[in-house]
Amino acid sequence: MNVGITLIEVSDLVKYYPLTKGVFRRVVGWVKAVDGISFTIPPGLTYALVGESGCGKTTTVKVLLQLEEATSGHIFWKGQNLFKLKADGRKNYREDVQAVFQDPMSSLNPRMRVKDIISEPLIANKRCSKGEAFSRAIELIVDVGLQREDANKYPHEFSGGQRQRIAVARAIALNPKLIVLDEPVSSLDMSIRAQIMNLLKKLQEQYGISYLLIAHDIGTVRYMSKYMAVMYLGKIVEKGLSSQVCSRPYHPYTQGLIISACPVRPGEKFGAPLPGEIPSPINPPSGCGFHTRCPFAIDCCSNTPPPWMELQPDHFVACHYYKEHGSIAADEIQEHLNVSLRGVITI
Amino acid sequence: MSVLEVEDLHAHIYTQKGVVKAVDGISLKVNAGETLGLVGESGCGKSMTCLSIMRLLPRPNGQIVGGRIMLDDHDLVQMNEQQFRGIRGRLISMIPQDPYTSMNPCFTIGNQLMEPLRTHLGLRKSGLIERAKQLLDLVRIPEAISRLKNFPHELSGGMRQRVVGAIAVSCHPKLILADEPTTSLDVTIQAQYLYLIKQIQAEFGMAMIYVTHDLGIISKVCDRVAVMYAGKIIETAGIAEIFQQPAHPYTQALFSSIPPIDHDVDWLPSIEGQPPELINLPTGCRFFDRCRFAMERCQGKYPPEFQVGKKHFTSCWKYVL
Amino acid sequence: MGDRVSAIFRFFGRHRKGVGVSRVPPLFSSLVISAVIVCSLFGDYLVPRDPTEMNLAVRLCPPVWIEGGSWDYPLGTDLLGRDILSRIIAGSKISIIVSFLAITLGALIGVMVTMIAAYFGGWLGNVLMRTADSLQPIPIIIIGLILSIVYSPSLLTVIFSMVFILWARYARSLYGEALALMQQDFVSMAKVEGCSAFRIMTRHLFPNLANTIFILATLMVGWAILVEASLSFLGAGIPPPAPSWGRMVSEGRENITQAWWLSTIPGAAILLTVLAFNLFGDWLRDRLDPKLRQI
């Protein structure tokens, strides 16, 4: 990513969870939740991670928010290695990186008033006095589109969309540099999603915050993010500018994903471009994790991890097939996936 | 030839805060082999409509208070529970939303598959196992015989939904009510499931009502669409018309607030405000306070249904001259 | 006929399914609990006679509704001529004070242990909860008796033996809920915001457990009163001359055939009070959170 200063750089991040058995907790295997991913988030822009279950996006979020320890790899925050920082440094990082979670029902303490919820980060980190924290909370409440009087209410008095606004206000309270948005609109109704997405965009412009957006809906990703990465079984298979990845996907998985998600024109037939189940991250396939479902798998796919190739400026794909055939392979793959739609799919 | 005809259905839920008019006078028709999409947001009444047709409204607070549900000339509202039990599961069946709670974790897949066969078709031992295996083959679950002995927790979400689908079609029903069955599935697994459902529907010629709010699914599965808002159907149209020329302001606003995958958009128009509470419904059009085209007469009286195209109807005063 | 039956049910707080929980506690509970609390607070002014005053001339006088009884001693007198009604009123103080003290202390310790176990988890959580589990089967009466033998029976021994078991019961009942709370997003968010463990426990866990704590407390009052009465019955409770319902029952045992009222009336007081608190606890639980039916 050639954007001058980078805010956060994730490099070869790995997180494995041990599988234990027996009374003495013998380790019998590993869940390879995140298996070596690298990406960079520039300041003031949105970077999205897209993928299906088991791809590792939630685990990545937990490691970035320091809710879990990484197994190996690095996170560089403003040039410094996060894992080598002492408690002070980590505390500063913590204040600079906040989050908004998916479920607006469980992300707000039902026993706290809205003004307490929003001012809590300021009070807990002793940034200012209680009175100042409350007035800042009221400013933020108005900023996110609610009324001043709402400050004294409890979460259950609000709808899902309004609660998500409160969660956003809380996330901005500390003036963070990065906010991790974990499926921020998936639990909301259709007509409310656009409201919240627009609010997030407005706040990004206003405060210059970067977002790391985790989503499974590609339309949301394209609208909100400048850059995106597609994850599969703990690895990134394709990354680049969102508009390019969505309009001209390269990797067979990305293509299958986008075809599955797009609406079809009336009268057009549709099918299931990617057969089979997603393998478990406990014993992921060797080499390229996608080779078990890939219609273009060649010999080396099952034993060598695929190399990165930059097929367009700022658009990378990790695939042996592209290494062999170059970027024209994109058309071939699309043709095949579309043809398979008209035929009988073995599911 | 219509399989199901709902006429002016009203269903109320009695709560401590008042009467919730969950379904407030809806009429729809589904023909054999056709899929009608019920589209809307949470609280619009689409799930309640399905529950009303299946007579599974939450007891004792939920009740059908008016209207007729005609299944092949029998009025389902008038039947007593005894008669209806013969219909539920056999002529009409349902695919619920959550694959993790829709099957009993204490019984095997085989057991749960065979239950409707035993109850409705009266099959016995060897016939049951053979038929259960056929059903699993139908939904493309490999190694059917050994799967019969599995418990639900041993299968993935996608597999579970397929088993639930198999249970639903086991007695060759005339109508299936699918209540957002793919919401919790991954996109690629969802695509497989939708394809499967369409194949089965084509094979058996069943009518289907598919409840969803996802445009991608509507475009793939539905032949006609009914859009619901605050307990009423505000627009019905064929699949082509609803995408190309949505008539009702709500439908227009809804479709344009969904971010597209294939091109960039600078700013997504959103619908301000919230849907009305179903306890305190306004007298006029229910979309009045959020509508761009609101006029004075929209507030006074609820608009009747107008035809705006071939088989395209909407309830909006904008179309009345 | 059906109406009368439902009226009786509603008096005791049982409601028909689907009708909804009434907004006020059952009448029976309200009456009895108010009476008991008033007696325990103002007993000194309410007693018609001095509960410790002995008058051998009127010993073993029956209650007023039996032949030989009089309105001077409405509930009769005991072996030493003391007025039973006054002793019942005075005895309520012991029952209420002991149970409230024991429950408050037990709840405090139990809640702290639960929150620490749920928050930190790991081996600490395991050790704490296994300790709580291992205390469950210990019969509290045995503890009370042992303590009364080693140290002579007193308010302290009774309360200590109750707290010893009570904290473990609280911990066990609250642990599941505390664990579920730890999974909620707002707790993860509090960590992301930088809240300390203490702050998370006091501001996020505790307020959400408060409902359950209170419901458990009301259900435990009945149990505590019974324990105190049992210990007093066995002679290991609050020593004389303080009147205690349990000891009154015990003292009346020898004369049960001639003067049944000596044991039965204090026994009835225990029964009604425990029942009233239990029904109140049931109503409170249904009102605040029907999901807690298992408690």
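Order of writing sets the chain letters: A, B and C. Residues in each chain are counted from 1.
Note that a contact is a pair of C-beta atoms (placed from the backbone, for glycine too) under 8 Å apart; a residue touches a chain by one contact, two chains touch by 3 or more.
Remember, predicted model here, so these are calculated numbers, not experimental data.
Distance from the centre of subunit B peaks at C, each centre being the average of the chain's Cα atoms.
Across every pairing of chains, the maximum count of C-beta contacts belongs to A-B.
Subunit B and subunit C have Cα centroids separated by 52 Å.
For the pair subunit A and subunit B, the distance between C-alpha centroids works out to 31 Å.
Chain contacts: subunit C has no residue touching two or more partner chains. Across the complex, subunit A is touched by residues 184-186, 188-196, 199, 203-204, 207-208, 210 of subunit C.
If you check the complex, the residues on subunit B that touch subunit A are 41-42, 140, 156, 158-159, 186-192, 194-196, 213, 215-216, 218-220, 239-240, 243, 253-254, 257-265, 267-272, 274. Partner subunit B is touched in their complex by these residues of subunit A: 52-53, 159, 161, 189-195, 197-198, 216, 218-220, 222-224, 243, 246-247, 256-267, 270-275, 277-278, 345-347. Per the touch definition, subunit A reaches subunit C in the complex via residues 65-67, 91, 94-95, 97-99, 101-103, 106-112, 120-121, 124-125, 167, 170, 174.
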